[in-house]
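Shared chain: subunit A. Partners: subunit B in the first complex, subunit C in the second.
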Partner chain A sequence: MEPDSDAPAHPGGGDMIESKEETRGAWVVVAVKGRADAEAADQLEATLRAAVGQHSKVAADFSALDYISSAGLRAVLQAARTAQMTAVEFAVCGMSASVKKVFDMSGMHHVLTIHGELPC
Partner chain B sequence: MLTMLEEVVLLAVDEQTGGLRSTREFGTAYALVGALFFDLALARKIDTDTETIHIVDREPTGNAMLDRVMAGMADKPQLTTVRDWIEEIFLRRDDLEGEALGSLIGQGVLRHEKTKRLWIIDVERFPIVNNRPQRYVKARLAQAILTDDIPDTRDIMLVSIAEQCGLLSYVLSDTQLNSRQQRIQTLCNLETISRKVSDAIAGLDASRQQSIGKIV
Partner chain C sequence: MVLNGNLSELSRLTAEVARFCGEHRLGDEVEYDLSLVMEELFVNSVTHGGCKGIEGAAEFELSLVAGGISLEYADRGKPFDPTQAPIPDITAPLAERPDGGLGIHLMRQIMCDIEYHRVDGWNRTRMRRPIPAEGT
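== the complex of A and B ==
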């Protein structure tokens, strides 16, 4: 397991979420920490889409994500859309109970690949 | 670009006659409120979670209708849930459909015709002047429903509002709609605002059934 990057996605401050990218076997894991709300949605989408643009298997690790709103869900979904359009494997993993509840209520498992644990 | 509310109202215009169509009179009013909230969400002015709704940016959008709703929300901080706000806007009886039609006329998409039936009854029609926007809306709905691709955010919202207004039957055949019912429900369920509009419509239907039961 090699940490590739431990820096905020947007150096210079103002980040609502923190993200860290690391390679695990064939997968690139993007660990996201903080609150995925309207303020952070653009940053979350850009972070996930950047990973999708560079790798063939991307897992979003949400185990340190405290909260996700509708805007956050849309960001994840649009990153998954980009992955689908470019034939990149994309999965969401390791959600906390509160975040999982939001995903479950929205029925996100019908359109996204969701794993309890990291797929690698 | 048309707003979500304008796109749904445009979908309700019969391309042959210019008449307005809807199959769910009361449900449509709730669904149009949902469209208004989607427009605010797309403008990054509000955000929701599983129950609550809140303003995240108070700067005006420049759209009079959206700014009026946002100002109303700021004036009533005691209303915090999505359901509360759907009911609040519904009860205000704002003419959302009329304002959207006016905007579509102003943008050169529709024109307004007023005629008399039997020399007495006013009949309003909105013939389509530019049919490209309506075709575009229908094409996006068909693409979102008939494929398994993850749709764009706007198209997910559009499917849910069109479904709640009972307008999908003007876009797809019964066979297509029946075979893709699960897909439609999946897309409708993705957004909190859609789920709460559905709850509000179900609540309205239940209270109407109760009222009919008491009368009978």
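== the complex of A and C ==
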């Protein structure tokens, strides 16, 4: 599924990550699947920022995210900054233990709202 | 394994880490950690070290050693000693949080015994992903 963004397609062919947007109550849930590495980071940032730009409560569902590196973390931080500047609620949810370990090592809990489960 | 200075090499790098970890039955956590550290080192070389577009810009080798996995990484970029890189403030508020340095911070969290040498125009870094002995 194509993300709702203007991110350039991966030059090698298909998208590196897949995303899907769904409205659940007051929240818009952006489910992200795949590997958020340095090649996919721009696509992830565009996807999350597009959602944050259009909705007042955005939950990034990372339960199907297999991997994230510092480049992927920066994409999430950029989306969180956009959300903070525009008073949008932004939460990251459902991370696997391995992805959460990278968030924890990076101190992301200091600056992000993180939920084990979706808030809706 | 030799890598060209292009981020599209990440998929080959990841596949080689997976092959090594599968061959030695190291498990998903070790594979994730090694993939992450390798990506951080390589992306740093390409995006900040001047390796972009250079053929044979970097190389790495994984091997089993006492107490874990040894990773030797070398690149032909400008001198960069990861043991001396400044530590980012990961407790800073969102607006003030620096974007740089996070990859090297993660590497230092995961790896130990990090050694750096500059040799004949190459950055050479050696480190170990510790694996506790069984039963400890």
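Definition applied: the second predicted complex is superposed on the first by the 107 of 120 C-alpha atoms of A that agree within 3 Å, B and C clash if a C-alpha of one lies under 4 Å from a C-alpha of the other, contacts with A are read in each partner's own complex, and residues count from 1 in each chain.
Rule of thumb we're sticking to: contacts are C-beta pairs under 8 Å (C-beta built on N, C-alpha and C of every residue); 3 or more make two chains touch, one makes a residue touch a chain.
The shown structure was predicted, so the numbers you read here are calculated from the model rather than taken from an experiment.
When both complexes are superposed on subunit A, subunit B and subunit C end up clashing with one another. When the shared chain is aligned, no partner comes close enough to touch A:G116: not subunit B, not subunit C. Of the two partner chains, both subunit B and subunit C are touched by A:M105.
Legend: residue contacts after superposition of the two complexes on their common chain; A:A38 is shown touching both subunit B and subunit C.
In the superposition on chain A, A:S69 contacts both subunit B and subunit C.
With the complexes overlaid on chain A C-alpha atoms, the stretch of subunit B that clashes with subunit C is 27-35, out of 27-35, 99-107, 117-125 or 135-143. Judged by the document's definition of touching, subunit A residues 37-39, 67, 69-71, 73-74, 77, 80-81, 84, 102, 105-107, 110-111 lie at the interface with subunit B and also at the interface with subunit C.
Within the complex, the subunit A residues that touch subunit B are 37-39, 67-71, 73-74, 77-78, 80-81, 84-85, 101-102, 105-108, 110-111. Across the interface of their complex, subunit A is touched by residues 7-8, 10-11, 14, 28-29, 32, 35-36, 39-40, 43, 47, 90-95, 97, 99, 102-103, 105-106, 109-110 of subunit C. For subunit B in complex with subunit A, the residues that touch the partner chain are 41, 44, 46-50, 56-57, 149-153, 156, 186, 189-193, 195. Partner subunit C is touched in their complex by these residues of subunit A: 11-12, 35, 37-39, 67, 69-71, 73-74, 77, 80-81, 84, 98, 102, 105-107, 110-111.
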